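Below are two complexes that have subunit A in common, paired first with subunit B and then with subunit C.
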Partner chain A sequence: MSVEKLKQVFAVSLDVPLNKIVDEFRYNAVPQWDSIAHMALIAAIEETFDILIETEDVIDMSSFAKAREIIAKYGITI
Partner chain B sequence: MTGIASQVEKFRRISIQGACIDLVPYVPDYALTVVRLRNLPDVRYFLNQEIESTLDLQETWYENYAKRDDDIFWVLKDKSGIVVGCNRIYDMYPKVLEKGSLIVDPDFGRSLPIALEADLLALQFAFFEIGVGTVITRTRDDNIKMQSINSRFGFKETGQEILRGVPYLVYSLTKEDFSPEPFESIIKHWSRRNERRKT
Partner chain C sequence: MLGGKVVWVTGASRGIGQAIALACAAGGATTVLVARTAGHLADTRDKMSAGGFPTPIVLDYDITDSVAVGHAFQEVYKTTKRIDGLVNNAGIMRDALLGMISTADIEQSFSVNVFAALHHLQFASRLMRKIGGGSIVNVSSIMGHRGSAGQTVYSATKAALIGATLAASKELAPFNIRVNAVAPGVIQTSLLDGLSPEKLDGRVQSIAMGRIGTPEDVASVVAFLISSQSAYVTGQVLGIDGGMTA
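Showing the complex of A and B:
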């Protein structure tokens, strides 16, 4: 359930179709995932899951797979 | 002195306060930091800067900058006072100006909304303080991330140009097409989270 919610957050924040959001979806490979979109993405994840992401995790979040891993650290079942 | 020229003189003395960063008018005290930023490999590539920046070159640039009356160069400072980048508006005419030379220190760029707020503040300043109706910007044609940022702000591609042998895309944004609200809410979130992190 949370995976689907996270996919929705990615799709809306980065303005990409939902079916493109897979584990291999990466910052370096997606033009729309620019630094502004990254800020919007972090803000949306924090608001959706009611968490506060540490700075190093903000920087590390460079793929959808990595985002799943990071969010799990904050007690969100993914 | 024209209307814009007298405004530029005034605005070169005023910092623009943001929620996460401030735009602070350039003075020579920032030369070393700006030289360091300009020599970052990605910056040199995307600004098409063939030669290495030096303090001497920066000093010469400043002498010319001081004589110009249609150019404002800011350093970007986070709220602890660290310089995290720079931004600029120039070639100001009564109805149009150009925005460019945005540099964000990569050590900070993905942990603070620096590019977002630097451009948002510069655009708000251009449209609502200087009072132009159009802002243009040129982006190297392989700078995909900056092109995406241009699109997010509502810039429309209006043409292509070769600058110093390199193809650039020309973008234009009118005051009517500029809608800062979605970006302001992102910045507010980041400002709040930074406050929460301090407590």
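Showing the complex of A and C:
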């Protein structure tokens, strides 16, 4: 369920169709996912899952698959 | 002027940091007091209690540990749901002449004076964005733009804080987050205890106003910069030095 929630956050924050959000969806793969949007995406993920992502993880979040992996570290079942 | 706001102050156990925390609390802010050892904050907490100020949140963690900083912000944010102000005050001064400066002293000075401030700035600004703005004040020093013999490392760290202030103010302005620095001159703190009367007199001679500053002189300016009374002020380095740089 959390995977679907995370997909929604990606789709809304980056203004990308939901079906494009797959594990291989990577940073800079679309023009919308640039460094400025990345920080907005992080903020939206934090808000949705009520977590505060550490700086190294913010930098490491380079794909949807990586995002799933990182979110799981914060105790979110995904 | 700070009622309802949450203001984070590092190095709040004594001196300038304690005065800043008290000034913010007197203005109505809930303060987050940070020191390496919570017991060292008892005096600040007692003074707030005696003054009838809002009860502070007391935290002890290693400010140079970015993971610990993140956890601290997360824990406080969960409770307060807001961070309005950050004062990066904690700092150390290691005097040494060139040729006698150890690598360990350089690393520790940058770690406490610069890296810790950057860790706090990053987390605070992210949380401030969520509430639509905030104010960050970095406590630099007159040494950051004037320098002093025997203080090459300290001066370098304080200059770094000024650079960080200017860059961050530009990056964060669109999010209504203001970033300023203060540059205190000679202030009456324990750092002056080791000076001989002659050296102290020499310092006073260099101050146009003819007196050493007090921690409260610095604190009132910082409280102003944290408050909305300075709502249109960002990217500034404000000297608090009695005219030393006039």
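Following the convention adopted for this analysis, the second predicted complex is superposed on the first by the 78 of 78 C-alpha atoms of A that agree within 3 Å, B and C clash if a C-alpha of one lies under 4 Å from a C-alpha of the other, contacts with A are read in each partner's own complex, and residues count from 1 in each chain.
In this text, a contact is a pair of C-beta atoms (placed from the backbone, for glycine too) under 8 Å apart; a residue touches a chain by one contact, two chains touch by 3 or more.
All values reported here derive from a predicted model rather than from experimental measurement.
S.K.: Contact-wise, after the overlay, does A:Ile51 reach subunit B, subunit C, both or neither (first, second, both, neither)?
M.R.: second
S.K.: Please indicate which partner A:Pro31 is in contact with in the superposed arrangement: first for subunit B, second for subunit C, both, or neither.
M.R.: first
S.K.: Considering only the touch criterion stated at the top, classify A:Glu69 as touching first (subunit B), second (subunit C), both, or neither.
M.R.: Neither partner.
S.K.: Determine, under the contact definition given at the top, whether A:Ala43 touches first (subunit B), second (subunit C), both, or neither.
M.R.: both
S.K.: Have a look at where A:Ile59 lands relative to subunit B and subunit C in the superposition and call it first, second, both or neither.
M.R.: first
S.K.: Subunit A residues in contact: does subunit B have more, or subunit C?
M.R.: Of subunit B and subunit C, B contacts more residues of subunit A.
S.K.: Overlap of the subunit B and subunit C footprints on subunit A, residue-wise?
M.R.: Common to the two interfaces on subunit A: residues 39, 43, 46-47, 52, 55.
S.K.: Spell out the residues on subunit B that touch subunit A in their complex, using ranges where they run on.
M.R.: 104, 109-111, 113-116, 144-149, 152, 183, 186, 189-190, 193, 196-197
S.K.: Taking the complex as given, what residues does subunit A use to touch subunit B?
M.R.: Residues in contact with subunit B: 31-32, 34-40, 43, 46-47, 52, 55, 58-59.
S.K.: Which residues of subunit A touch subunit C once you look at their complex with the stated criterion?
M.R.: 39, 42-43, 46-47, 50-52, 54-56
S.K.: Could you please specify the touching residues of subunit C with respect to subunit A in the complex?
M.R.: 66-67, 70, 73-74, 77-78, 119, 122-123, 126-127, 129-130
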